[in-house]
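Paired with chain B in one complex and with chain C in the other, chain A is shared by the two complexes that follow.
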Partner chain A sequence: MHACRRKALPALLLGLLLGAGSAVVQAADYVPVPAGSLRSVLVSDADPGPVAVASYAMRATPVTRAEYAAFLAAQPQWQRETAPLVFASPGYLAHWGAAADAGASASLTAPVTEVSWFAAKAFCASEGGRLPSWVEWEYAAAADATRADARDDPAWLARILGWYGRPADGPLPAVGGAANFYGVHDLHGVVWEWVDDFNALLVDADSRAGDDPDRLKFCGAGAISFKDRANYAVLMRIALLSSLKAADSTSSLGFRCVRAEGATP
Partner chain B sequence: MGYVRNALATWVLSFAAALVAVPALGAEAGSGLKWAGDFGPPQGAPIHAVLTSPPEVPPATNRFYPAKVIVDLEVIEKQMQISEGVSYTFWTFGGTVPGSFIRVRQGDTVEFHLKNNPANKMPHNIDLHGVTGPGGGAASSFTAPGHESQFTFKALNEGIYVYHCATAPVGMHVANGMYGLILVEPPQGLPKVDHEYYVMQGDFYTSGKYREKGAQAFDMEKAIDERPTYVLFNGAEGSLTGDRAITARTNETVRLFIGNGGPNLVSSFHVIGAIFDRVRNEGGSEIQTNVQTTLIPAGGAASVEFRTKVPGSYVMVDHSIFRAFNKGALAILKVAGEEDKSIYSGKELDSVYLGDRSQPNMNAVSKATAAAAGGRLTLKDQVDAGRDLFAGTCSVCHQGNGEGLSGVFPPLAKSDYLAAQPRRAIDIALHGLNGKVTVNGTEYNSVMPPMNQLNDDEIANILTYVLNSWGNPGGSILTEDVRKVRAGGTTAGGSEH
Partner chain C sequence: MMHLPLPTLPRRFAVRAACHRALLLLCLGVAGLAGAAGPLPSDSIYHLDLPLHDQDGRAFTLASGQGRPQLVSMFYTSCQFVCPRLIDTVRDVQRALPADSARQLHVLLVTLDPARDDSAALRGVAAQRHLDARTWTLARSDSAGTRALAALLGVQYRILPSGDINHSTVLILLDRQGRVVAQSTRLGVPDPAFVARVASTVAAAD
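Let's turn to the complex of A and B:
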């Protein structure tokens, strides 16, 4: 079915699509997130207190398929056929058409997924940004519509869990759900998101025995360390990220970028 | 990233320690069913394991050498029905809850491929309790969506083992259905039986109430509090009832592999109307015989065997019984075949029982007894007591109004038979009446059983009540009169029937 639809698409549409995509990239909306401190789910052994977070600006929405298609047109080395395997393993854009074809127009406003960490990093660089650190992501995601840290509210937790409980077999919704306290959309309920330091969520700096001991520490982790009941919902994000290598991608993993506050591409 | 490291280490250390399997036992261990399971390197061509969906069990390996066995298991996250009109997002090993049944032979080298379907959202792994090694394979099988992991283990210990996902948060992965059974056959195989079935219990925690319609989400709060909404066999209400009941014929042997995935509850597994001839407690080597209910721990399994003798439906339950009738833990084994009345008769008698010994009926009787003991017994005491006793015992046939049922039970009201020889009634009450009698012009030919469960007092009172009711001639029968008849004499001057 997919292939038939793709063939039926005239080349004209592809051109339109890329044009539209370029416009969106330039208009990418970043909102300021002021400095503060975060009681992270990941607790420091040296300092168990809150983590200081410097101010930054975060993309208001995850990167969409249209935006990513425009990026591919500008940087064809990241197209599926040309991206090196070491940067993008075989799942990369697996459900896209040839080259930079993002598919049916209905899905253009959905978050891009099937993107490797390397590719996400390159995208963010292309608009003068970078991937957020885990703590930056967690800091922004702790908010609900009216509060900077809503994690003690069962409704906040219920919303996250609701998404975990839905199977991922349907098409992704368009970006632009309700804005949170900072004006950031869709941190929960649409896709997982890459973070810059995803790899450090597991790697032990002192480990000399490769990744195996630390993987064991993670696997079977579960309920033991929950400081509060909300933590496990966030920990599932870490579980997902820690199962991946930087060249990997999945059909429910997207990304967004951050940059220094006030910066422009 | 030291802060990260410490947190992760805290999560796991205690859990990982619990996952390390017990080392292989010596050949002389247990009842001889466990053997040191290393029979050397795998022989012959690699074999692809046959995996089955519940309630089916793969065929016996029928193999007498250690082989390399390849197991391909795919993790699939999908919505399925948990109860009529209620859907739930299950995380499954092989698309079913419980997951695919795996069967290997002790000493086999198992090359395990865990595939995480690309459409899945979550990373998953597998911890097989039949694995000897840290994490039971969990560490080596942590797999992102759209990826496949491979690890290899030697099945050193025979037995029936649970496997489950051990990805954080473990409880949620298990609560969503990520468990199944792996059977490691002893080298000589298991004794042949006519049927093998695969049943696994699990507890489920939905945001809505039991049987609340629509899509239900997982409720972590209920899970932590261990308040399940559903307790189920094979992942759904009705998965093993009606057309989907498991079946056997009479005089067959049945082996059930019963697992308990948990995450929280321990199962008191019982089959109503059957006694397990043999149970491998906790899946171990000790064989217990003649068991009514066997305890299956969360994360444990047992095999139970019995011979079917009487046809009918056998209901399997968690005998923590509210789970069975209010949370869904019901399954049915349907046994077809010939009745064996010598073992079980079916219903032989259905008679009315009115509870004649219940306390409200006894007040007048107590009063009469006390009066008799004090020598103050009046006719009214006797009649009152007799009325109450009659209602519980005699009225079943002779009816409350003494009219009887024409042609079946003779009337006591205005009875010419009674009036002719009132004291004959003592003999009839004590010894019954068998054969033809004619009462008020109608012939009766039926059997009245002896009422010798009644004591002399009671019979005297009942008969006095009868003689003073419904147009009968009146008079009184005393305890002493009854005692004499019971002792062998008759005051009635013989019966005419």
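Let's turn to the complex of A and C:
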């Protein structure tokens, strides 16, 4: 096994170069997001205060189809035909052409979607990153173009909410919309995004209380509730993420990665 | 040049990842040898290369459960209410089986709280609850591995600042290849339909 790995490494790197070259992919741009604190829309009885957020660097744009195609060329075990079902259920890359072909007609600069949580994690690891936590995503997404936290501005909330009324059947736009305060693009208005702790959101939005036997599903302190009910756009993300399983994928769910500030792959 | 870590992939998977076309046949041969009992089905959770340590501190992998049916769940030792009932419920499932079937059914409980639940803490629960080590394994992974296993099993959990953990509880039955056969969220008196699936799965594994 060792011999195999040693010999395979240069070839693998060559494959990576070729794959990246053919898709014309440059190294992803990560921008620093300084430490701070966040009034998360998620709050529990036991956790009412602002959340401290450590600094990190975030991918400026969601991962594109071209970037994902390069990843598939370098790591063919994530191609649709080879990825185990347990990591990627049948919707995975369902509308791609051949195994690693992002499609000529589809925009290669559009965000990749139809990817599972496991696949997104593997992609991020391949560039020295990881998926953001929910709090990291929400923190960066609280900013508009000029303010780190624009969420008290009803006009801004209305603008991001406007996206959700848009028909979802057209092709996705290319990444690279207007930059926010941190220089991060497309946190709103293009796709939903995976977070690392999507299975930590534990929304208690239904009737799992009183004498419902499902109440026993929850151990520990009170369940999470929504603090800022005006921020529908973000609450809808939480509702979506909470409903997913890690092998699931949807046509409007993409991802981006974060890594330690100053880190390079 | 880019480094390509594969931290959460199983060994057979990782070997394949490192293989170039020219070495593919050789590597597939090596990958085949690395599997314990033949190729895993595509929907087996044993594809997850999860590093685990049991209550005695011994390292093992999730995939080492291959070859016998298993009940899997997640818990944590400082949990006061649901987690003790989880153990009670598993015991009730075992009691509902014929004795030789119960002995063939392994139980794996993985902590959601690897930061505090070290091997000694797990050993303490095993001793306190008189859990037979031939049947029961209490285990811990690392933080990322715990999140990945929970994601795979559909367990939701959130660690609160107080140290409490909000989590959903589900009892999952795996066949000998690591495929999810049935699951139950009912605590207390076990779901008879679930017990029946446990019995038939153990019988089929003979």
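Going forward, the second predicted complex is superposed on the first by the 208 of 265 C-alpha atoms of A that agree within 3 Å, B and C clash if a C-alpha of one lies under 4 Å from a C-alpha of the other, contacts with A are read in each partner's own complex, and residues count from 1 in each chain.
Keep in mind that, in the parts below, a residue touches a chain if its C-beta (ideal position, glycine included) is under 8 Å from a C-beta of that chain, and two chains touch if they have at least 3 such contacts.
These numbers were taken from a predicted model, which means no experiment stands behind them.
Undergrad: Have a look at where A:122 lands relative to chain B and chain C in the superposition and call it first, second, both or neither.
TA: second
Undergrad: Once the shared chain is lined up, is A:164 touching chain B (first), chain C (second), both, or neither of them?
TA: In the superposed model, A:164 contacts chain B only, not chain C.
Undergrad: In the superposed arrangement, which partner chain does A:77 touch: chain B (first), chain C (second), both, or neither?
TA: In the superposition, A:77 touches chain C alone.
Undergrad: Answer with first, second, both or neither: which of chain B and chain C does A:236 touch in the superposed model?
TA: In the superposed model, A:236 contacts chain B only, not chain C.
Undergrad: Quick check for you: in the superposed arrangement, does A:249 touch first (chain B), second (chain C), both or neither?
TA: Touch partner of A:249: chain B, not chain C.
Undergrad: Which partner chains sit in contact with A:197 here, chain B, chain C, both or neither? Use first/second/both/neither.
TA: both
Undergrad: Counting only touches as set out at the top, which of chain B and chain C does A:85 meet: first, second, both, neither?
TA: second
Undergrad: Kindly list the residues of chain A that each of chain B and chain C touches, one partner per complex.
TA: Dual-contact residues (chain A): 44, 46-47, 197, 200-202, 214, 216-221, 223-224, 242.
Undergrad: Would you tell me which residues of chain A are touching chain C in their complex?
TA: 1, 4-5, 7-9, 11-13, 15-16, 44, 46-47, 74-75, 77, 84-87, 117-118, 121-122, 125-128, 196-202, 213-214, 216-221, 223-224, 242, 245-247, 265
Undergrad: How about chain C: which of its residues touch chain A in the complex?
TA: Counting only chain C, the residues touching chain A are 1-9, 13, 15-23, 26-27, 30, 34, 40, 42-45, 47-48, 79, 81-83, 85, 147-148, 150-152, 154-162, 164-170, 185-188.
Undergrad: In their shared complex, at which residues does chain A touch chain B?
TA: For this pair, the touching residues of chain A are 40-47, 51, 91, 94, 157, 161-162, 164-169, 192, 197, 200-206, 212, 214-226, 229, 232-233, 235-236, 238-240, 242-244, 248-252.
Undergrad: Tell me, which parts of chain B touch chain A in their complex?
TA: Result: residues 1-16, 19, 77-79, 89, 118-123, 125, 127, 134-135, 138-139, 142-147, 166-172, 217-218, 220-221, 224 of chain B touch chain A.
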